[in-house]
Structures are given as C-alpha cells and as structure tokens.
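Order of writing sets the labels: A, B, C and D. Residues in every chain begin at 1.
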C-alpha cells in the first residue's frame, strides 16, 4: 500500500482540485433539484430487489409522499450463491421506467458489468457499484466514463485508503459525480450482519470532498436497528442514507430481515429529522410537507 | 460458545429480573444526584493518567464548571510495554482525594488487581475495568463483591455475548451497579486506532437493561474526531460518554493524540447538547448553566 | 447467508457429483502431464508482473530446470490505485507466447474482464481470478463457460462458504476445472501483509473435492517467510503452491518485497521436498531431476 | 503503539541479550531431561479440564507410553459465562500430585490469580497464562517472579508486538523461562473456532529467541483438523504442541468438540513424526520407543 501516489493525468485528474476544497463537500446533482452533499440530506429508499409493478408503485407512491429523494431497486442482484434469486433482470427496466415517470422520482440501481450499464443507462439516474465490486477496476473504469452519478459502496473489508483509491478510478476516468457509501465492514461478532463503521464517515469527510452516504440496512441486517443507526449516521456527518423499505417486508425476495415497512420508514424519517436539525442539516422535503400541512390546516 | 446457559444461583442471580425490564434502562447511581441510565446523560471526563496536582485541579475546575458528571483519571495504567509509563501509582490517591473534595466531583479510576481495589476503595466512586481485563474473571469476581458501581469496558475483540457474560460475572457476585462501555473494537483499518461499534450500543440496549456508555477517545484515537463521534454515540442511544481531556494535550504522558483541550471539550458539549435533545435526553447541568446565565443577564 | 441452498440446474450442476467424492481430490489437468490435485504437487512460479522478454526468459529457463509445473506472470495488474503501474497489457501476449513455446511451460495469467479473457485466451493455459474479483459474479460466469482451468483466489475477507459459492458460479456454468487458492485473509496485525489461513486448507479439503493451492507470497508479503510457509502449506494438505519469483527481486515493478530470488526459489523447493514426502506427496520433477543427476554421475 | 521502547532495567532486562541470539532458540527446561526449544519437539497433551482420578490416570498412562513430554490439565477454568463449569478447583491439586508422581510426568496448568499460583505452586512444573489474560499485567508480573517456566498464550486479537511486550512483562520481572504459544486469532469465518496464524510462528522465530508452541486444538476447535494442523505447525517452525486429549472426548466437561481420543492422539504423533524429521526436528521419545520396540522384537 506504500505504492500509492497521486500522479495527475491532466484534465482527467480530479485530485488536485479536491485538495483545495476538502473542508467543503462537493455537491453531486442526482436530478433536477435533488442533490447529494448539500445542507439537505439525500434520502434514497426502496426495495432491495425490483419484484413487480405493484410492489414498485406502492413503494414509489409512499416514498414520494414521504419526501424521499430517490427510489432504489435492483434488477440485477449480486448473490453469494449462483442458486439464489438473481434479480428480475432486463424485464425490470420497463417497470422502473414506468414508476419513474409516474412518480417523478430519480432511480438508483446497481450494475455489475458493461452490459448492465448499457441496459439500464436510460432509466437509471444513479449507478450503484456494490461492495463486492468495489475493487472491480474494469467496472470502475466503465462508470468513470459515464455522465451520470455513481454511488460507490465500501468493500466488506476495504481500508479507507483503498476506498478512496477505488473512487479515484472513477474520478480519473472523468466522472466527477462520485458519492461514497459506508455500509458496514466485516468483523467477528455474529449479532449483526456487519459492523457499521461511522468513524469512517468522519474520517472520510476529513480526507475528501466527496459526499458520503450511509446504508444502515445492510450494515446491521436487522430492521429494528435501522432507524437508530440512521440517526447516528446523520450525527456522524453523513450526507444522506440508503435504506431498504418494502410494502410487505416479510415477503421480500431478498434481505427480508432488514427491510423496513412503510410505518417503520415513516418512523425513521421522524426520528432523524430532529437529529439532522441538531447538526445543521435538513431532511428533504420535510419543510415542504410542513408547509403543505399548514396550508391544509 | 455454545456452552453458555443461564443457570440461576438463587439470590445472586440477576438475569431473570432483567428479562422483564429489558426495555427500560436500569439507573445506576454514581453519587448523590449523579446517575447513569437516566434521561440526563452521564458525562465522564478527565485526563488519561493522573500526573500532578496542578493538572488535576485545572481539569476538575474546568470540567465541574462545564457540568461534567464525574472526573476520570488513572493512577495505575495498563500499558502494552513494561517499559512504558505505568502511572503515578499510590501517590496519586491523596491527590485524587484532594481534588474530589475541593470540586465535589465523583471520581472514576481503573483497577487491575485486588490490591489496587483496596488502595483506591475510599477515593474511587466508580471502578473501571479496562478492555484488556474484560475477561479477567478473577478481577470481575472481586468487583462483583463491591458496593460501588463498575464501568466494564468491552474487550478489543469481544463479541456482544461475551461482553454480557463478563458483566454477568459482576452481577452474579451481587453487585448490580454495572455500566457497560463500548470503546472501539480491533479491526483492519490503520486510519483510526479502533473501530467504534455504535451498532453494538443499539444491540446492547435491546438485550440488557444495563446502561451503556461510549468512549470515543480510545475508539478513534484522534482528538479531531471525538466530538463528532460523541454526537453519533448519543444518537445511537448511549447513556453517556467517557472522554479524555487534558489542560495541555500535547504534554499528556499517555495517549496525547486523543485528548481534548478544554476548548475542544467545551465544543463537544455544545455539539452534543442539541443531539441529546433530539433523542429525548439532556446533557447534565446544561439547563442549570443556562438558568445561571439567565440570572446573570 | 442463511439463504444458501443447492438447487441443481440439470446437467450444469456439479454439486451432487462432488458429494460422493469429497474425500478424493478432483484432478485438474493444466496441460499434458501437468496436473493439480494428484500425488505430485503443482508448483506455479514466476514474476508478479510480466515486464520484458529478458525477465521472462530468465525466469522460464530457471524455473523449468527446477521442475516447476507452470509459469505465472500477469500482463493486466489489478492495482489499488489507478496511478500505480497497471501491467504491460496486450503487449505482453506475444512475449508470453514466445516464452511458453521456447520452454514448453504452461502459462497462468490473471484476467479481470471478458475483453482480457479474449485477449489472452490462446496463450493462457490457466486463468486466474484474483482476490478482489472473487465475488465479481459476471466474471465468474464468463470463466464458467471456458474450456480451460481456472484458479480462483479467496477474497480478502471471504468466508469459506462464500469461497465455495464463488467456485459454484464457475462450476455451474459448466467449467469443472476449478482450482481454489488460499492467499491470506485480512486481519489486524501489521507485521505481515495478510494472515495465511492454513486451517482453511484443511477445512476446504473436508468440504469439496476441488484441489487447493496456497500462495504464501501474497499471504505474508515478505520473502523471508515464503519458503517456511510453503512447507507448512504442504503439511496442511495443499495440492501445490503459487510463488512469486523474479530474476532480480529488488527491481520488480510490483510486490518487490515478497518476490523470491532464484536462489531462494531453489531453497524453497529443497525445503518442501522432504515435507511433501512426509505427507505422501512429491514435488514435481524432482524424481526426474534426481534420475538425471544419477545418470550424470 | 508508537510508545514502545526498550529501556533496560539492569540485570532484570533480557532484551539486549536476546538481540544477539535471535537466530538461535533459547532452551527452556521444563523438568529434568524435558526441554522446549531444543531439536526434540516438546509435546504437551491431556484433558482440557481435570475431572477425576480415573480420567487423569488413564490420560497419563497413555500419554507417557506415547512419549508425550508433559501432561496438561486445568483445575481452574476461565469460562466466558459465570454459569459454566468453572473447574474442579483446589480439589484437583492432590489428584494432579498423585498422577504426576505415579507417571513421572511434568504438569502444566493454568493460573488466573496470585492465589491460584500459590495453590498450585508445588504441583505445577509449568504455569500457563491463557489468552484472555495475556494483557493481565498484574498476573504477568506475578509469574515474572517465579522460578518455573511460563507458557504465555497469545491473546485472541493480540498483535505480534503486543504478544512480545506481554512476554517482556514476565522477562523483565526476572523469569527468563518464557514459552510463547500461538492458539488461533479471532476472525470472521464461522467454520472454525479461530484462525490458526502459523505465519505468526515464523515471524516470532525471526524476532525473539523464545521458544514457540502451537495449540491446534483451541485454534480450530474441531478434533478432525487437529492432527493436520499440528503437522503444519511443525513445518512452520513450532518448537512443540499443546494438544487436548481425553479418554472419552464426548464426555469431556469442556471443549468436547476439540479433544482427541487416544487413537487420534496416537495418529497425530504418527503423522507429525515424519514432518518433524523433514524439518530437522524429532518427536520426543519416539527414538526411544523404536529402540524399545526393536529390543522387544
């Protein structure tokens, strides 16, 4: 690891620009009016896997009313076993298109290959690179050529330096819209799926101007701890959250144990709003909602 | 680890009582009016090691004015190397006595043997068992016989189950005033001293009624991240904090890199107060201070 | 992880066959007369990165004389930083071709994408999937369609179950010639690059009939420990080794600290030969060499 | 950890002497004619816990015939839970005395406090400090004053530097007969109890002249892997082994899953003997046994 050095490739390099602005977070635009890295937190929520139209419509309807900034949903699923459910695949594209238009929500979806990037290019507003692919350098180079933002999830046992170097693969390709995401690291305790490393959020904010999200769903792996850790993430300086949420969690085709119900999702937003305010941030369209509420009364 | 079972030893057992009250946190009294586990957070602060009278007087004077609940300071220091500074030793007792009386602050100090327990019994209001001794079962049995509260720090790579079983050694000895303390676990990333496992705070709160503190100083090992992680700890549900603070951090005889200056300590309290409020807690004598301030104005 | 189950896809499935033969190791043919999983250990050695013709010729000349079974050398290098040396790239293909023909040694090289598979398909006798790509499932599916053997390296923090599931991606694609390789896992001790998990070799041998290699070079990261750990790996039941070796280690363009000189490589073979014999194995062409030696005398 | 420096305390210091002799292993005498660190490996075996006279007599009878160097058996058991079996306690002392005299085998037993040291002082030839007490510095200082050898087991997540510093606590107290023992480190894989870090054996041998044992029983936690890993340990340079063995493993009061039967113990010795020879070592009284066998025939 001593071999890391920052050689700049002319226009492609991003590192020198960042050095001057480390204190300030770079604002990454997701779609018109929806940003990551601004005072307003970016909340991304939705099912782990896109299952069917009813599921996605119900999710989008609820989440857009709640003021969630973007809708997540994977159509290609990276799975430990080849015999586990691998996602709805290309059939999910039209479905995502329809929900996206209907509810005017930007869409975040994971890609694992160039073919998948091409397949979802039109519908996807943000490309997610999952933990298992954090050091899939060929894939990083591919998304480094895109003109859309990329959420890069930290590898299961990636050091912070390796995480930043992986981001550098995307940045040095020319794509400056990189968003980091801490999602728990592998450790020895069996009581949670992973260990949520919120110290990494604080450290990252001191080393880079890239915005940092936190995914408490994958980190803990148990729905009952998600809202609490979401609040802790905001207090630690996160610029937003990625949360799994499902109309009927128990029937989710994957990661059912960690998905929030709509009521729990509402509870999460209610819980983090005052913490966000306490650290000088705001939770999305909450003000808008309150305004609406006041008009109604 | 499959061998763990809960056999109850009549009056000595505490486990069955707890099962019924897991949702509510047990309130552990530190000294008159100072509690851990109540709505008001318990803040413990002070130098890593007791060095001299001037250092302790300056610390106590500042921290008591700030509304800190208890003063920490080790006179016996567990050190990785036998050739490192081992603490002021028994000479520190009179010094602690004096500062304690002068500033009316309860004192927290670490013990590593029965002899040390006996030596500091009078002056110490709370006994701390350090991470390296979390499974020093003979020591746990000793403090299980005491009539004073014990802060049990999580071992460097202790699972949550092992942590609770270690606490059970103290509880089953009869001492019901046990306070748990998460202080970072060992992991692979060299950028911080340890990984602060705030998920463990949430998990512990769901499994036991014992109050849980967080020590962000040892966890991160770098002063610049302590205040941020203190806020995240409160958001995660911690019942208080243990923070290292020194009149002149750079001159601290141990762990200088992680000690807060008085200004930074003031900043920490200012930073966590609104987060505490956001989660329905309060930061100690802050209300009292504000009242004083209002009277003065 | 509880989601793993073995659904069989008709002809593609390999799992049921293996269940009956777990005790016996599957023999994977590398090239004519060179096997992995047989009584004779498979030794693979060579430079980390292919640098130039002189380097590769010198290596192949020495290693073939030593009775090494296959020559390794990467032309595409996965690197933590995009600014580190990325390998000689496609220019290395002709070079590998030439050395391969001249010294009649099969060649092992790493691939990270379908394009790279296509590029090196003719020259490569064995495809290596590196640790960082162990869960790059799209890549695993690609090599699952090949008619050449694949060495799958364990991910930095992959459990044994995840390792076997990753192998299953290749096997279920139809490619039955999969060789596992333990190369050290990530841990907390800074004194070696990784922790060589030789217990995993024993566990793997009890769970699968796939042959298991060990890479002591990447595991320890320091040349002085490679020969000793190579011997321990053979004693633990490894079916062979992958060792980095360079004509002039200090001038190696990558991983210089762990590469063996030719003298050290000779020392390694001398050291492991009696251990191999002690566990009922043999070190490649050693018998052949001895025979030659006897003829010569 | 940057604080480690080697200040020498005159006659008490051992570090400077060692620096000159690192390549050669210090020979620690266990009892007359039984050494650790010599060409002949030291094998220590016996039950995890001393249960009753019949168990210990059967064990000692078998193990002494097998040429095992010392008998292990704990009478005080460190247990994760206070409700687990805590050992036979002081009642076991007379029992150990009797077996020791009858079979003329030196005895190794674990101590966790000064009281226990005093209780077993007469009967114990070697004091074992367990993993959980590796950084119980007060206990290390106590055994540093003894005139008997000490086996110091590596802590569950102790770095090699911390391990050596813990040994230094004993050495600097004046006791030069310290034996290190690698027994597996904590990691993420649930398939074995711990990860046996045989690389640490090689690294330790390059840093200190203290002899190094390996305990494959606690490391893997499953009896079927113990003999294989014992062989790997010898190949890695270990100076001997600590192995759990029980007349009826399934009925062992603790750690039943990892104890070897007598047949398996015999198998272990048979398996490691040729590996020992391959690395220039010998397995204890094997030569003696063979001699006896030849006389008998």
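Going forward, a contact is a pair of C-beta atoms (placed from the backbone, for glycine too) under 8 Å apart; a residue touches a chain by one contact, two chains touch by 3 or more.
Being a predicted model, the structure only gives us computed values, none of them experimental.
Trainee: Counting only C-alpha atoms to place each centre, which chain is farthest from subunit D?
Mentor: If we average the C-alpha coordinates per chain, A ends up farthest from subunit D.
Trainee: More C-beta contacts across A-D or across A-C?
Mentor: A-C
Trainee: Distance from the CA centroid of subunit A to that of subunit C, rounded to the nearest Å?
Mentor: 36
Trainee: If you average the Cα atoms of subunit A and of subunit D to get two centres, how far apart are those centres in Å?
Mentor: 50
Trainee: What residues in subunit C touch two or more of the other chains?
Mentor: 157, 161, 186-188, 190
Trainee: Quick one: in the complex, what on subunit B touches subunit D?
Mentor: Going through subunit B, the ones touching subunit D are 1, 3-9, 78-84, 112-113, 115-116, 132-133, 135-139, 156-157, 161-162, 165-166, 168-169, 172, 186, 254.
Trainee: Under the touch definition given earlier, write down the residues of subunit B that touch subunit A in their complex.
Mentor: By the definition above, subunit B touches subunit A via 157, 159-161, 184-185, 187-192, 195-200, 202-203, 206, 219-220, 224-225, 228-229, 231-237, 274-275, 277-279.
Trainee: For a test of understanding, state which residues of subunit C touch subunit B in their complex under the given definition.
Mentor: Answer in residue numbers: 186-188, 190.
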